[in-house]
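Two complexes, one shared chain (chain A), two partners (chain B, chain C).
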Partner chain A sequence: MTSTPVQATGIDRVRGWILGRHADRTELADDVNIIDTRLVDSLSFVELIYTIEEASGTEIDFDSIDIEDFQSLDTIRKAFFA
Partner chain B sequence: MTATSNGARTMPAVSYTAQWMAAARALETERDDALYRDPLARDLAEPDGFRLIDRYHGGGLLPFISIRTRYLDDAIGTVLDAGTVKQVVLLAAGMDARAFRLDWPDGVTVYEVDHGPLITEKRRRLDALGAVPRADRREVSADLTGEWLPDLERAGFDRDRPTLWVVEALTFFLTEPQVGGLLELLASASAPGSTLAFDILGRALLRSPFSRPFLETLAADGTPWIFGSDDPEPFVAAHGWRVTDLREPGEPGAGEGRWPYEVQPRGRRGANRLWLIRAEVDR
Partner chain C sequence: MNAKAVRVGVDLVPLARARAIVERPSDRVLRRLFSIEEQSLLQRAGNGWDVEGVAGRLAAKEAVFKLLPADGKTLPWCSIEILSGKGRRPLVRLDGRALELANQVGLGPIDVSISHDGDYAIAVAAAAASL
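Moving on to the complex of A and B:
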């Protein structure tokens, strides 16, 4: 893992948001598919996007969202915290 | 178009979703913290409703259906308590059992409009259950894609008296021009003091890539979800109605405490909207 502490903090905030929505889970590995497992669903994805925006300091364009960027913490990190 | 596996009785695909809605109401009814109770729903959901619950597992769908049902129940109560409206039209009523489960004031007539095969099948089931309506309930078999107001008037509907129209879970099956035309048609048959209670989905929600698998399943089953708006007041106003109450799930009076998502402020970019609306005819 080569990410800087700042980047780790960002993705950990995303992880923390997902875990906060699922009281039955205490950990979330970086490679778990969060859509297939329904950890994020069609209504909560927008909250995921807001969380990523706040954690990364960037604005995400809703009209050009690539769902592949949101499959797991790994893909989110590559797309928004690299 | 037919879509049930019950070969002896086939119903069009939108009726197929009526069973799905009934199954959702049955599941709500069986909760300890149910927002309403519909004891007939389980029988009205057969044979496909519960299978469809599994097939259409979109995020938030079940709580939304329950919150919407309760919101419209409350809207009916609020409007009828005022005492001036005595005729209620449940448009595309599906397997709605409100005529059997709500406390209706004296003198209220409830019209359930849907297409013939559904009305026939619903009657058969309700008769078998010995269900007794709690209002003057009138079935109106009509083709909602054609001229259906004359059918409603033949059943006793009086356009010169104020009406409460309940249009639940219908607008998203239509195109935007069709929804606009429907609102205008209802307005044209609405005496002053008439109210429309209904729901509109958000446009962003229907365009979201995260909704796509769910929406593709619906489309493949012949019931695509089409119309949505992220700014419903101007749309409603442009078609003859003035919004008097607008809520989203999770707000007070709209399932506060039951909605598993954050309520986003109006205007927040990209938010998923689900609008619950009461409007008065603008005349």
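Moving on to the complex of A and C:
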């Protein structure tokens, strides 16, 4: 019997991207505020948008972004992966 | 007469961060960070992106953003342009959302200085604003 690899969900890809930037962390809870904790700063925010677009298959209009949608994995999930 | 105060913004960008963005397989992130005019200034003919130039301009954009009343807002990267002025001195041009924010505080002409040393680029921006 062969096993089928489990596909990471979209939000897990976002989580993996954030963790990949912070070698000191091994986990990231869904409710952690990634902006206030500076896990994502203004420069990496642009890369976060790109990562969410790739993982969700949607395009995000940079000029009409609501920063509240990007506060945590929870809010990102609700806004882009619901 | 309206009282004025000087606002100052500063930012530091490691070259490694700029390099990581430049080396991405797609230019999509760079196109969201830089206007068409900036992109043409940052691309070396036949030799890819100027990593130091990218880092310096990113630092300058962040420094300018710190002059604006932008608490809780995302940085409008492409509406803060860092171009080349006389004697290659950086020239700041605002439009769109950045210009709206600047007008809210009566921000005057913005001066920017960019410097590089070792693994970092640093930029300082200053302008007069209404109190």
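Please note the rule applied: the second predicted complex is superposed on the first by the 74 of 82 C-alpha atoms of A that agree within 3 Å, B and C clash if a C-alpha of one lies under 4 Å from a C-alpha of the other, contacts with A are read in each partner's own complex, and residues count from 1 in each chain.
Just so it is clear, a contact is a pair of C-beta atoms (placed from the backbone, for glycine too) under 8 Å apart; a residue touches a chain by one contact, two chains touch by 3 or more.
Everything numeric in this text was worked out from a predicted model, so none of it was measured.
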**Partner chain in contact with A:D30 - chain B first, chain C second, else both or neither** = neither
**Message:** For the three-chain arrangement built by superposition, which of chain B and chain C touches the greater number of chain A residues?
**Reply:** B
**Message:** Quick check for you: in the superposed arrangement, does A:I67 touch first (chain B), second (chain C), both or neither?
**Reply:** both
**Message:** Taking the superposition on A as described, I'd like to know which of chain B and chain C A:D12 touches: first, second, both or neither.
**Reply:** neither
**Request:** For A:R38, decide between first (touching chain B), second (touching chain C), both and neither.
**Result:** first
**Asked** In the superposed arrangement, which partner chain does A:V46 touch: chain B (first), chain C (second), both, or neither?
**Response** both
**Prompt:** If you lay the two complexes on top of each other, which residues of chain A touch chain B in one and chain C in the other?
**Reply:** 42-43, 45-47, 49, 62, 65, 67
**Message:** Using the touch definition from the top, list the residues of chain A that touch chain C in their complex.
**Reply:** 42-43, 45-47, 49-50, 62-63, 65, 67
**Interfacial residue positions of chain A with respect to chain B in the complex** = 35, 38, 40-47, 49, 62, 65-67, 70
**Request:** Give every residue of chain C touching chain A within the complex, in rising order.
**Result:** 13, 17, 21, 28-29, 32-33, 58, 62, 65, 72-77, 96-97
**Prompt:** In their shared complex, at which residues does chain B touch chain A?
**Reply:** 58-60, 204-205, 208-212, 214, 260-262, 264, 269-272
